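Please go over the structures that come below.
Each of the next two complexes has subunit A plus one other chain: subunit B in the first, subunit C in the second.
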Partner chain A sequence: MKKFGTGAIHFFLITVSIVSLFPFAWMLIGMTNSSAEVIKGKFSFGAEFSNNVAKLLEMTNLGTAFWNSTLIAVVGTIATLILSSMAGFGFEIYRTRGKDRLFGVLMLSMMMPFAAIMIPLFRMFSKMGLLDTPAAAILPSITTAFMIFFFMQNTKSFPRELLQAGRVDGLNEWSLFARVYMPTMKPTYAAAAIITFMNYWNNFLWPLIALQSQDKKTLPLVVSSLSSSYSPDYGVIMVAIVVTTLPTLLIFFLLQKQFVQGMLGSVK
Partner chain B sequence: MKKRVSLLLLGTVTASLLAACGSSETTNTSGGTSNTTEPVGEAKQKVVAWAWDRAFNGGALDIAKELYAKDHPGFELEIVDMAKVDLEQKLNTNLASGVKGGLPDILLVNDPNIQKYVASYPGTFAEFTNKVDFSKFSPFKVDALTVDNKVYGVPFDIGVTGMFYRSDYIEQAGFKAADLENITWDRFIEIGKVVKEKTGKYMITMNPNDESLTSILLQSAGSWYITPDNKGNFVDNPAMTETLRVYKAIADAGIAKPVTGWSEYVGSFNSGDVATVVSGVWQVTGIMEAKDQSGKWKVAPIPKLNIDGAVNASNEGGSSWFVLEGSANKEAAMDFLATTIGGSSEFYERFLKEKGGVGSYIPAFSSEAYSQTSDFFGGQAIYTDFTKWSKEVPGISLGMYTQEAKDSLKNELPNILNGADLAKSLANIQKLFEQQVQ
Partner chain C sequence: MNSKLTRSNLMGWQFVLLPSIIIVLFSFYPMIQSLFLSFQSGRGNVYHYSGMDNYVRLFGDPMFRQAVWNTLLYLVVQVPLMLFLGLIIAYFLNIPKLKFKGFYRTAIFLPCVTSLVSYAVLFKSIFAVDGVLNGMLLSIGLIHEPVVWLMDPVWARVVIVVAITWRWTGYNMIFYLSAMQNIDSSVYEAASIDGASKMRQFFSITVPMLRPIILFTAIISTNGTLQLFDEVVNLTNGGPGNSTMTISQYIYNLSFVYTPNFGYAATVSYAIVVMVAVLAFLQLKVGGEKK
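Take a look at the complex of A and B:
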């Protein structure tokens, strides 16, 4: 019975793995084929890779887009982590009147679809003169209710004795946060970093609206633009998608261990 | 607790509304000041254009810029390319928020959207009525750009349709090229059955999620999904009834290969699964993608509907260039477009030679570029034929709610294909459409 169980589980997991890995395989194979071959569904490596790369570099300003995406994602992630973790720390550690209510309102903001706030947001950034700058792509998601909630939940398992000990040793609240809380919560930060980085990196709608000139575009905008041509070159698009996917993949593999730990809670 | 939260929420909403009102005033005043600053004319300010398909549409602007720069040294143009849906999303957000900053000077507009834009955002787009000699363009294209006798924008590419066919399959089935010239759709279906029987190949593709075939059929009879005054045009419309009868007949005859998406559609003829492709002239590039099929393709006029006023010509797609009324470089942008895309035979010759794009500028049709023969199409002078057909395309008004009407039709199409009573189905579509646009 038990044997049958593991067999079934293996079968199930293998099937699911194939299903989830197929798009990656398709992407990598498509990258080496010509557009016509991709359309015909050729599922073997071809000889068009260098050709596709050359065409992509000629058709788009890939370097600039990559730099824009990196800048926005890295600066955005660091800022989000610092601010959201401070908020999560504060919500959990300190006792103030009305804190729960404030948090309730914050949670409500999670229910607001982005499309509803897009136009007011656009006007705001226009008034601040920040449209078409990386700041426009970074600022709106610099604190999210989800991230604050995530840090708050993880802080619940943070041993307060450490804070007491720190206070006794004469640390002020800022140093407590920076020198006691942050190092202890590393896995939580890692998990949050992956989620935030992916959100910034893949964010499409808002950068599309807020960024206007050609040399401010991020990678997803470039990919979208490529795929909308009358005769899309699928080989070239595959290369662009691989370039767009690699950094998130890399970050995930680098932080994988911490990510899993972070999801389980930093402090056991 | 609950009450307090809802009060608080109400407070926030009111506050944000008030803030929005306040800022609308300020943007209006700032818009006013930017309007009073004189257009810089041919000064060295950069003209910005939004377009999709950098290679094709952007490439056309590159050609136009080259021609224009000969007489206007120092003219600068920045092309921002983005996907078509992205462009529309961006434009709508920008216009809906009333923020003028960040909008381009020049904008590519898909023809079915023209009326909607002009009607939804009055005063936003510059009028070209006297800036371009529109008598030099195919009338159907100018019709699409005309709202209340005013012409907004410069006509650009067209999608005059043809029936691309595999001459080898057709011959194998025992037909000659002449058998496909100026036929009716009923004859097309008969030929299709023979082709299917003798070669095993499908005659055509059919995509139930795409309305391009019904659109082509309707326009070939001078009709459209909606009337010029934006009412549904489904009930008591012989062209619509005939279109759907033909559509169902093609499906019933078993000569159509079902496809679900664009790449599957292109794949079906690139891999030689179908004998004909009924599509706009821009499909030439897609067909020539399969280099191994060189010499096997030909183009004939599309079949016609069996009703009065129907012709063997139609149009699928096409776009035009708009200039924004409030842009700082309005005069420069308008002059640039009017003298190149709006009035240069050389532009259209190069556009065809370098990009494979076909415009509706009649003086260019007699040029050498348009009369060249194509080895891929068995030595046929395809562009001579296409331009000849383009003059026969019936002019129609695309109206404001084309997309909504198409969606209503799409909703009922499965019932029609399953043999529901056509008159009843048409009444259903009409009702659904009216509910949608109300």
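Take a look at the complex of A and C:
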């Protein structure tokens, strides 16, 4: 009876694992097949890979899109980490009733649906003349209540004696932040960086509105426009999807621990 | 001492001020603008006050009703399904002596690294009429003719539910797993001695002890589903015949696809605001009360 139970559990988990992994296998296989073969469901490697890559490079500005995505994600992540950790540090270390209240109000922004703010945001960026620039893609999420919350939570376990010691050594508050807090909190920064990078890298709705000319597009926008054309070439699309997914997949495998920590961060 | 404390208090503000201003500028200010906009009518950049016109239109708008209905349908079917699946998987992965745990966990979590656009397009190709899934189902005899997944209003919704569940189950599982690891194993041992079956233990120990985290994931998922956009746009583009269109997509279409009508789009967007607020409140009421 007990044996049977374990067997059933393994069967269930293997099934779920196969379903989870199948689309990954599908995109790797699809990238080596022609569009017709992908649509016909051919589930074996083909010989079209270099052909698909050549077509993709011809049809899109893939290099530019990759660069745009990288620029937006890297600059966005660095700025978000600095600003959000500043706030997390300030709200937690110098805790007062006024600041707690302010933080409570800021948390409300987490419940605001993006669709409800995108139109005024669009008009705001249009007035500022920033539409179609990387800045437009970066700015709206450059500080989020979620990230501030994440840093606050993790700051709770920060050893405050370090700050006292630094003050005795004559450091002012900003150098305490930069030279004591930041290095001590490296694991938190790593986890936060992964989550923020993923959000910028994968973002779709706002870039779709804010970045309209061809040479400003990010990778998800390229994938989406390839697949919504009248006769989508699925072999080519698979290559684009693999290019889009590879960086986040690599980050996941290299930094699995921090990755999961980042996801869990807010509910410690 | 007191002056030192005040100084430290002021010191704190210099860290929180700039980030707070940014959030106000890019979240609260647009939110308020949106509210004003919802009482205005016009085209392009010329808008005038039009009272409750947009709200009157909202209640008689069949497309809006359809979008709300679709969104709520996804919510009611998909969120419980995904959370339950996540819970069961986590429960199994928490069995102390289970083999290959690491592999299962990684495999089931992996969908979380894909971008929403990418996996939506992947699913579109998998669910093509002559596609790989129909081929497999035909060959094992489960169906006798290909299912037109994305061209049928019911199946198209099923595909969207399946796709979202694929992407997010592992994400929720991770939350449950980490919470389960904090449950003292002696609780289960005591229950076993008392003769409680595994099933009984799951419903009488695990689920109640995870209540706060289940509530948290329910709110996060509800919030996400009410804002559903990327998947639907890239899988079905709202079709066939608007049968999969969500509220977010309707707002996007009103603003950027049809003749732009920012005022009415803002009115529709406030419907989501109200729904998010009401549902979060309800969930907190239902899930938070009992201990």
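FYI, the second predicted complex is superposed on the first by the 238 of 268 C-alpha atoms of A that agree within 3 Å, B and C clash if a C-alpha of one lies under 4 Å from a C-alpha of the other, contacts with A are read in each partner's own complex, and residues count from 1 in each chain.
Just so it is clear, contacts are C-beta pairs under 8 Å (C-beta built on N, C-alpha and C of every residue); 3 or more make two chains touch, one makes a residue touch a chain.
Quick caveat, the model's predicted, so the values are computed rather than measured.
Aligning the two structures on subunit A places subunit B and subunit C in clashing positions. Of the two partner chains, subunit B is the only one that A:101 touches; subunit C does not reach it. Look at A:185: by the touch rule set out above, it reaches neither subunit B nor subunit C. With both structures placed on the common chain, the touch criterion links A:229 to subunit B but leaves subunit C unconnected. Within the superposed three-chain model, A:249 lies in touch with subunit C and out of touch with subunit B [touch as defined at top].
Applying the stated contact rule after C-alpha superposition, one finds that A:119 touches each of subunit B and subunit C. Once chain A of one complex is fitted onto chain A of the other, the partner contacts of A:209 extend to both subunit B and subunit C.
With both structures placed on the common chain, the touch criterion links A:65 to neither subunit B nor subunit C. For subunit A, the partner that touches more of its residues is C, with subunit B and subunit C as the two candidates. When the two structures are aligned on the shared chain, A:132 is found in touch with subunit B, with no touch to subunit C. The intersection of subunit A residues touching subunit B with those touching subunit C, taken from the two complexes, comprises 38-41, 108, 118-120, 122-124, 205, 209, 224, 227-228, 234. Residues 8-9, 11-16, 18-20, 22-23, 26-31, 33-34, 37, 85, 89, 92-93, 95, 98-100, 103-104, 106-119, 121-126, 128, 130-136, 166, 170-171, 174-175, 178-179, 198, 213, 216, 223, 226-227, 229-230, 233-234, 237, 247-248, 251-252, 255-256, 262, 265-266, 269-270, 272-273, 276-277, 280 of subunit C touch subunit A in their complex. Remark: subunit A residues 35-36, 38-41, 59-60, 101, 104-105, 108, 118-120, 122-124, 126-127, 131-132, 205, 208-209, 212-214, 221, 224-225, 227-231, 234 touch subunit B in the complex. Only residues 1, 4-5, 8-9, 16, 19-20, 23, 26-27, 48, 52-56, 78-86, 89-90, 93-94, 96-99, 101-102, 263, 266-267, 270-271, 282, 285-286, 289-291 of subunit B touch subunit A when the two sit together in their complex. Interface residues of subunit A, counted against subunit C in their complex, comprise 5-6, 9-10, 12-14, 16-17, 19-24, 26-27, 30, 38-43, 83-84, 86-87, 89-91, 93-96, 99, 102-103, 106, 108-109, 111-124, 139-145, 148, 173-174, 177, 198, 201-202, 204-205, 209, 219-220, 223-224, 227-228, 234, 237-238, 241, 244-245, 248-249, 251-252, 256, 260, 263-264, 267.
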